[in-house]
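Across the two complexes that follow, chain A remains constant while its partner is chain B and subsequently chain C.
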Partner chain A sequence: MKKTSLIKQIVMFAGFGVLVAACAPKEEALKSGYDWAIPETQAMQDDDFSNPAFMWVDIGNDEWSKTDGEAGKSCADCHGADGSSMKGKSNMYPVYNKDDKKLRSIQDEVNNCRTNRMKAKAWKWESDQMLGMAAFIRTQSRDMPINVAVDGDAAPFFEAGKEFYETRRGGLDMACTHCHVDFPGVKIRANVLTNGLGNGFPTYRLKWQKIGSLHRRFRGCNKNIRAQPFKQGSDEYTNLELYLNHRAKGVMNESPSVRN
Partner chain B sequence: MAKKPRVKVPKSAKKGEQIQIKTLISHKMETGTRKNKKTGKLIPRMIINTFSCSFNGKELLKATLHPSVAANPYFAFYAKATESGTFDFVWTDDAGKTVSASSKMTVA
Partner chain C sequence: MTYRIIVGALTGIVVSGALVTGTMAADYKIVDGTIPQSLTGKAGDPVQGKKTAVNRKKGNCLACHVMPIPEEQFHGEVGPDLGESGSNYSAAELRMRLVDPKVLNPDTIMPAFLVPGKTAVLKKFAGKTILSPQDVEDIVAYLTTLKGSYSK
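Up next is the complex of A and B:
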């Protein structure tokens, strides 16, 4: 009998702790996945040369000045010879777009320029060119804080992303929060859980042995709990990306990162 | 091996100085032990099996690679700067395909 009441007390006490934690002002930025990575993985990311993702940044850099499509234009013709005009931009994405009446990710902007302004073929989301270009563009804003707008026209999309993040789904009936909010720093099988942020994407994942998009990671995290994954570039994942980048507010962009 | 290899050699060095050389090449390094998930058949081995570096035509380093090496092999090694010249790097895969790169260094 005494045992149960003790457990009850502990539960109540723990519950109180959670309440206090929830009420505490949350000003500090969350930690990047980098902070939980093992030193060997961090070292790989620290040196742009040993970071294999830079092979894709090189692809993006090459594509930047390549003429393609019926308009006979290259990105460089409109955006300048190097990528520096993109400085600071990717950290604000996804953004609401008036023509589309929904959010646009950086990849959407790239394909919009390719199809409408260059009259060239759209790139597939997970192609070497698109990953390379996304990494090339995002690298221009490296070491600058992630800073998305979630008010105004973006608000409903932000809410949709937040709801996705907090909704239980799949055979394991889990939401993103159950891992990335409740248990950062705790081991789950061979992985240490992090805040699950997108500040390093596209990322070179050692498991993938190549660079991959944030939406590919979403698919993985959906599949791991036996939930139906959505398509890369889908509205669901783009809204989710906005919510995730809001969570990452103030965290430095470290794209392209290296993760295990 | 579609992408350009990445090579880092100092442009100049002092005589007798120890210099670091780094290389990185994109390659899937298919081990030969993985199965195609749909057909159940083994995916044939396809790895870079040899990497070499020579300086002014003389071999400096030769490495034999095996299937446990991860995709996109990275090498870092050291050499002593003796004279100005050219480093040549060659990667060879199981299909006999080679990719090469070279890099000049002046020694003062």
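Up next is the complex of A and C:
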């Protein structure tokens, strides 16, 4: 009698466990744009020597140890000679910054260092130096998962990014969700829609014949739906970047990737 | 319900060589999720409708739909195949889907071709609809001819 009840208990417990597991929401990572790219594009990214984005990574690498500004400093003076101190860092960006009382992207951090610590001129967002430095820094965290914080001080900025993502806009009156949540993997004319993640940016985009920032890609998306684009580095796009990186949680950083 | 569509600056009227932009209004009445009446009182032209449907700056239907137009490469697959539109839907049903598909499905990705965007619209498209009422009539006329005889 006692034995039976014990077995019964075990069976019930196991059954309950299965039930809980079945009901728990799936925490499955989304797919990278790489997974939907054609083999030729994947091959370009797989080999750093054939990946044209590395021309800009080299620019960033050179700039890293270049002394610039009135303070007579280089990145290497504070952060070490080879950039390895940046390992894992960029995957947490954008992050909330207490001085700015808003998010900072990698590009914001670079320009903060340049203007405040090096007493050098800020770089333009889409300049070769900035793209190169961003790619160089992000490459240090390659093959590590994207992992941003969206709670605490970051929460209101995350919510703003989420709202942007879900709001219909432009002459075509479409939200990001309509393509990137509802139809990933589906063809729109010759192109395949993706989950729209930023895990490979800055990316060498074949259409651009150049490396470019995630915010440049946002502008293209906005213009495609006949919506007013925001500036690269704007609060709106930085908040949106945080939301995208939240969606990309657990997806590997591929920067600098190759995309069409 | 009666909706009023303003097609501002979309309808160009050529007067003695100069392009004059005019404002044209069209009324339409929704009956059980359809728009039975022509928007222009004029029959649509199916030949022009096919051209307008293909035009990337107008209907751009191929972005999302497979259509029996083999001369055009790369048909999108977001929406349903339109090859049997004429068998599956009446002109009144097709007209509704082109004018404002959100009346039938508020979450649809498909743009409303006769309702201007409301949020953050690029200046040059502000207050404008994607198509004119006659463009819609032409596409409706074209779609009603599609009865599935074409095989890809």
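Keep this in mind: the second predicted complex is superposed on the first by the 235 of 260 C-alpha atoms of A that agree within 3 Å, B and C clash if a C-alpha of one lies under 4 Å from a C-alpha of the other, contacts with A are read in each partner's own complex, and residues count from 1 in each chain.
We adopt the following convention: a residue touches a chain if its C-beta (ideal position, glycine included) is under 8 Å from a C-beta of that chain, and two chains touch if they have at least 3 such contacts.
Predicted model only: the values in this text are computed from it and were never measured.
S.K.: With both complexes superposed on chain A, which partner does A:66 reach: first (chain B), second (chain C), both or neither?
M.R.: In the superposition, A:66 touches no partner, neither chain B nor chain C.
S.K.: If you tally the residues of chain A touched by each partner, is the higher count for chain B or for chain C?
M.R.: The partner with more contacted residues on chain A is C.
S.K.: Taking the superposition on A as described, I'd like to know which of chain B and chain C A:231 touches: first, second, both or neither.
M.R.: After superposition on chain A, A:231 lies in contact with neither partner.
S.K.: So, A:207: does it touch chain B (first), chain C (second), both, or neither?
M.R.: In the superposition, A:207 touches no partner, neither chain B nor chain C.
S.K.: Quick check for you: in the superposed arrangement, does A:52 touch first (chain B), second (chain C), both or neither?
M.R.: In the superposed model, A:52 contacts chain B only, not chain C.
S.K.: Now for A:119: first (chain B), second (chain C), both, or neither, which partner does it touch?
M.R.: Neither partner.
S.K.: Any idea which chain A residues touch chain B in the complex?
M.R.: Going through chain A, the ones touching chain B are 49-50, 52, 54-55, 58-59, 128, 206, 209-210.
S.K.: Which residues, counting only chain A, touch chain C once they are in their complex?
M.R.: 167-174, 178-179, 182-183, 186-190, 193, 222-223, 226-228
S.K.: Of all residues in chain B, which touch chain A in the complex?
M.R.: Listed in rising order, the residues are 2-4, 6, 8, 22, 24, 26, 28-29, 70-72, 74, 76.
S.K.: What does chain C use to touch chain A in their complex?
M.R.: Per the touch definition, chain C meets chain A at residues 62-64, 73-78, 109, 111-112, 115-123, 125, 128, 130.
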